[in-house]
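Every chain is named by a letter (A, B and C) in the order it is written, and numbering of its residues begins at 1.
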Amino acid sequence: MSLVVKRYIPLAITFIMGFIMVIATYFLAPGTPARDATALLTATVDVLVATAGVIGLVALLRHHTVNINKRGRFWKYSIITLIGVIIYLIIGLYGVATHESHYMYASELFSWVYNSLYVHMDMTIFSLLAFFIASAAYRAFRLRSLEASVLLIVGSLMLLGRAPIGGAIWEGFPAIAEWLLNVPNTAGNRAITIGVAIGAISLAIRQLLGVERGYLGPER
Amino acid sequence: MSTSKAAGFDRRYIYILLFILVSIPLLYPLGLPIPISTHTEGVWDATTALPAGSIVVSSFDFGPSTIPENRPQAKAHLFLCRELGLKVIALAFWPGGGPIGDSVLSEVYGEGYQNEDFYGTELIYLGYVPGNEVGMQTFGDSPMDAKGTDHFGTSVGDLPLMQELEDASDLGLWAEWTSGTPGEQQVIQFVQGRHGGPSAVPLVVGSTAVSVPGMMPFYAAGQIVGILNGLAGAGEFEWLVNRDYPEYPQEQGPGLDAQSVAHVLIILFVVIGNVGWAVSKSRGGKSS
Amino acid sequence: MIPPNVGQLPPELDLFAAIFGVFVTVFIYSFLWKENPLSRAVEHLFVGLAAVFTLGFMYDAALSQAVWGTNRLAEGNFIWLIPILLSLMYFFFFTKKYFFLYRYPVSIVAGIMAGMMICGMIQSNFLAQIQSTVELPLVGNGVWEGWPMPGLDSIIIIIGIITALSFFFFTWEHKGALGVSTKIGRYFLMATFGAAYGGTVMARMSLFIGRLRFFFETSYEDWFWAWYLVPVAVIFVIIVALWERRAKG
């Protein structure tokens, strides 16, 4: 297949779509039919973004199936993953098949598994970080330099000021924490925000002009 | 076992200490007073200044992992909106936020709220709106195009409140409950910035505490008018709501007491760790 | 209308959910002590369920966006067939010969998001921030009333922004005036990171406190409390961990 079809047409599509968005934002007034048409364009793209999630599930299934076949590391646990996927998928597809709207969430059991079983796992896994932070506070945070000291002192004042105990110990702690957030943190974060914005804009322009092609995936 | 030791102190003892000490205030609350920050007052002032009948968007952009912080923020704010007679369009740009929003709305407006008379005119729940930032921009430009049905399968064309909203500039307030991307920055970039700025689309944010320092430049620029900072912000806002509406329960007190103990513990760990390090360094031992 | 979920399932499932929640929480926390078969099993189950629920919600959202509802496919607006057909092209990702077709929907999304990024970032993250900095009052009532020297806050912010930005100038060597500026900027960035550290600790502790509240506040019909099962789950973990150690010899 020629390079035109494989590479240059996708790059051209990227440029045209980006160009339309920029022109629509800066040259089309809200409420005009042309601007409404771009809203319809982004609405249709919402469907594309939503269906991209299917790729993730298929890739996950492929990874764990290969792991089981090759008796790779923790292959027995891959069986647990696959069993979970298959059972939950069957529950969801039952909702698709039986409910007039064909929504997966229409299956009461599907939404119950999410609300009553999955959320516990999600919350607990994320809460593990609390223990690692506590351990790192004792073992790793050292006042080796003036800069590290500034970091830790500001962090400690923030911790005291943002919990009720700070105000109970001394009424100045909450005010100090608020000042730290509003002044030095704002200054540093604003510099970071501006820097990130410049970087993001330049990356987006490079993407539109076809210089950055990583999003196209590997050449096959 | 030996790999978990450092400086001769097994880190698992730290875990046990944390578990025990943080549990105590949950069983025996300390009742510490909650100081109210200006950021939280900003959310209160922005909401109470709205005339009755103004349209508020309540966006559940968080997943189960930050329920302890974001859920109480959203619930207290929705209660206030209900009491003030504000019209609410609730939605979620995170998939995980969809069912969470339904659960919070059930608590505030009652089970089966979607079957009540006020649904469609005073309250709408769109559920998960696909597209992330693209979905946000679509909703801001043309709400009827953002999604075809609400969370319960009703066509948006059959919901009168959606007809009142031509674009984001018709909103009185956007309340963003967020723990990442898409979140408040995307609302500022793709909704507020396109429809007249902060004066046209005022934004209040209830966020996990991790993200708050990063949003301070936007708060300073007026793009965000109020912030609820994590669990503390939720507790502060609950206090404000309870002050004017005593029937609203204050539920975050024990959690904030436990948070106080946790914070003091972390500071103590840092101090003790550094004292131990300094002592071992002065004795000419290896620094660790 | 999707029927409401409440009242459709047997209430005993709430008890099962509480029991399941206690056990998976303890199994995951057992990872802190030592990785064991139960913590690994729960992690793998979590990954599987997460993939399916994400798929489910996104599929429902795509359906409600393109098929059902006002002016959509079900009402005869066939323009919505286009994104559906385009999204099917994602599956060419798994082929070798026709992989290039996968790039078409990807390039549509990438182009639109890049265009949106340019417009959104310029206004909100760049111009508005610079405008806000320039508009900071140096005298009189400052941005935050009540602070005794409001102008001082503004001066600190301006100095902080300029010096922190200068830290990211990598075109020139950080010497002389630029060196002094970057050194000051580094301290402002350390303050920023300190605030971020404080926020991170706050957030993670809140999540842990949320789990503790689940243990202590979850009950079923006043005779079952979730924390009753914590010792049972811990004993279960110990037994399985000892069994694994014995099996490995």
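Simple rule for what comes next: contacts are C-beta pairs under 8 Å (C-beta built on N, C-alpha and C of every residue); 3 or more make two chains touch, one makes a residue touch a chain.
It should be emphasised that the depicted structure is a prediction, and the values quoted were computed from it without experimental measurement.
Visitor: Counting one step per pair of touching chains, how few steps separate subunit B from subunit C?
Guide: 1
Visitor: Name the chain pair with more contacting C-beta pairs, choosing from A-C and A-B.
Guide: A-C
Visitor: Subunit B to subunit C: how many Å between their CA centres?
Guide: Taking the mean C-alpha position of each chain, the two centres sit 12 Å apart.
Visitor: How big is the gap, in whole Å, between where the Cα atoms of subunit A centre and where those of subunit C centre?
Guide: 6
Visitor: Rounded to the nearest whole Å, what is the centre-to-centre distance of subunit A and subunit B, using the mean of the C-alpha atoms as each centre?
Guide: Spacing between the chain centres: roughly 17 Å.
Visitor: Two-or-more-chain contact residues of subunit C, please, as numbers and ranges.
Guide: 2, 32, 53-54, 57-58, 60-62, 64-66, 68, 109, 112, 116-117, 119, 121, 125, 129, 143-144, 157, 192, 195, 198-202, 205, 207-208, 210
Visitor: Could you list which residues of subunit B touch at least two other chains?
Guide: 15, 18, 38, 65-68, 96, 98, 129-131, 134, 137, 146, 153, 194, 209, 212-214, 217, 220, 229-230, 232, 259, 262-263, 266
Visitor: Quick check: what residues of subunit A touch more than one other chain, meaning two or more?
Guide: Counting only residues that touch two or more other chains, subunit A contributes 25, 40, 42-43, 45-47, 49-50, 101, 103, 105, 111, 114-115, 118, 122-123, 125-126, 130-131, 133, 137, 152, 156, 159, 162-163, 181-182, 185-186, 189-190, 192-193.
Visitor: Which positions of subunit C touch subunit A when the two form their complex?
Guide: 2-3, 5, 8-9, 13-14, 17, 20-21, 24-25, 28-29, 31-32, 40-66, 68, 79-80, 82-84, 86-87, 90-91, 93-94, 96, 99-100, 102-112, 114-119, 121-122, 125-126, 129-130, 133, 143-144, 147, 153, 156-161, 164-165, 167-168, 185-195, 197-202, 204-205, 207-208, 210-211, 214
Visitor: Spell out the residues on subunit B that touch subunit C in their complex, using ranges where they run on.
Guide: 1, 12, 15, 18, 22-23, 26-27, 38, 65-69, 95-96, 98, 106, 111-112, 114, 127-131, 133-134, 137, 144, 146-149, 151-158, 185-186, 188-190, 192-194, 208-214, 217-218, 220-223, 229-232, 254-255, 258-259, 262-263, 266
Visitor: Hey, which residues of subunit A end up touching subunit B in the complex?
Guide: 25, 30-31, 35-36, 38-40, 42-43, 45-47, 49-50, 101, 103, 105, 111, 114-115, 118-119, 122-123, 125-126, 130-131, 133-135, 137-143, 152, 156, 159-160, 162-168, 171, 174, 178, 181-182, 185-186, 189-190, 192-193
Visitor: Mind pulling up the subunit A residues that touch subunit C in the complex?
Guide: Touching subunit C: residues 1, 5-7, 9-11, 13-22, 25-26, 40-58, 60, 62, 74, 77-78, 80-85, 88-89, 92, 99, 101-106, 108-118, 120-131, 133, 137, 146-148, 150-159, 162-163, 177, 179-198, 200-201, 204-205, 207-208, 215-217, 220 of subunit A.
Visitor: Under the stated contact criterion, what part of subunit C meets subunit B in this complex?
Guide: 1-2, 4, 6, 32-34, 53-54, 57-58, 60-62, 64-72, 109, 112-113, 116-117, 119-121, 123-125, 128-129, 131-132, 143-144, 157, 192, 195-196, 198-203, 205-210, 212-213, 216
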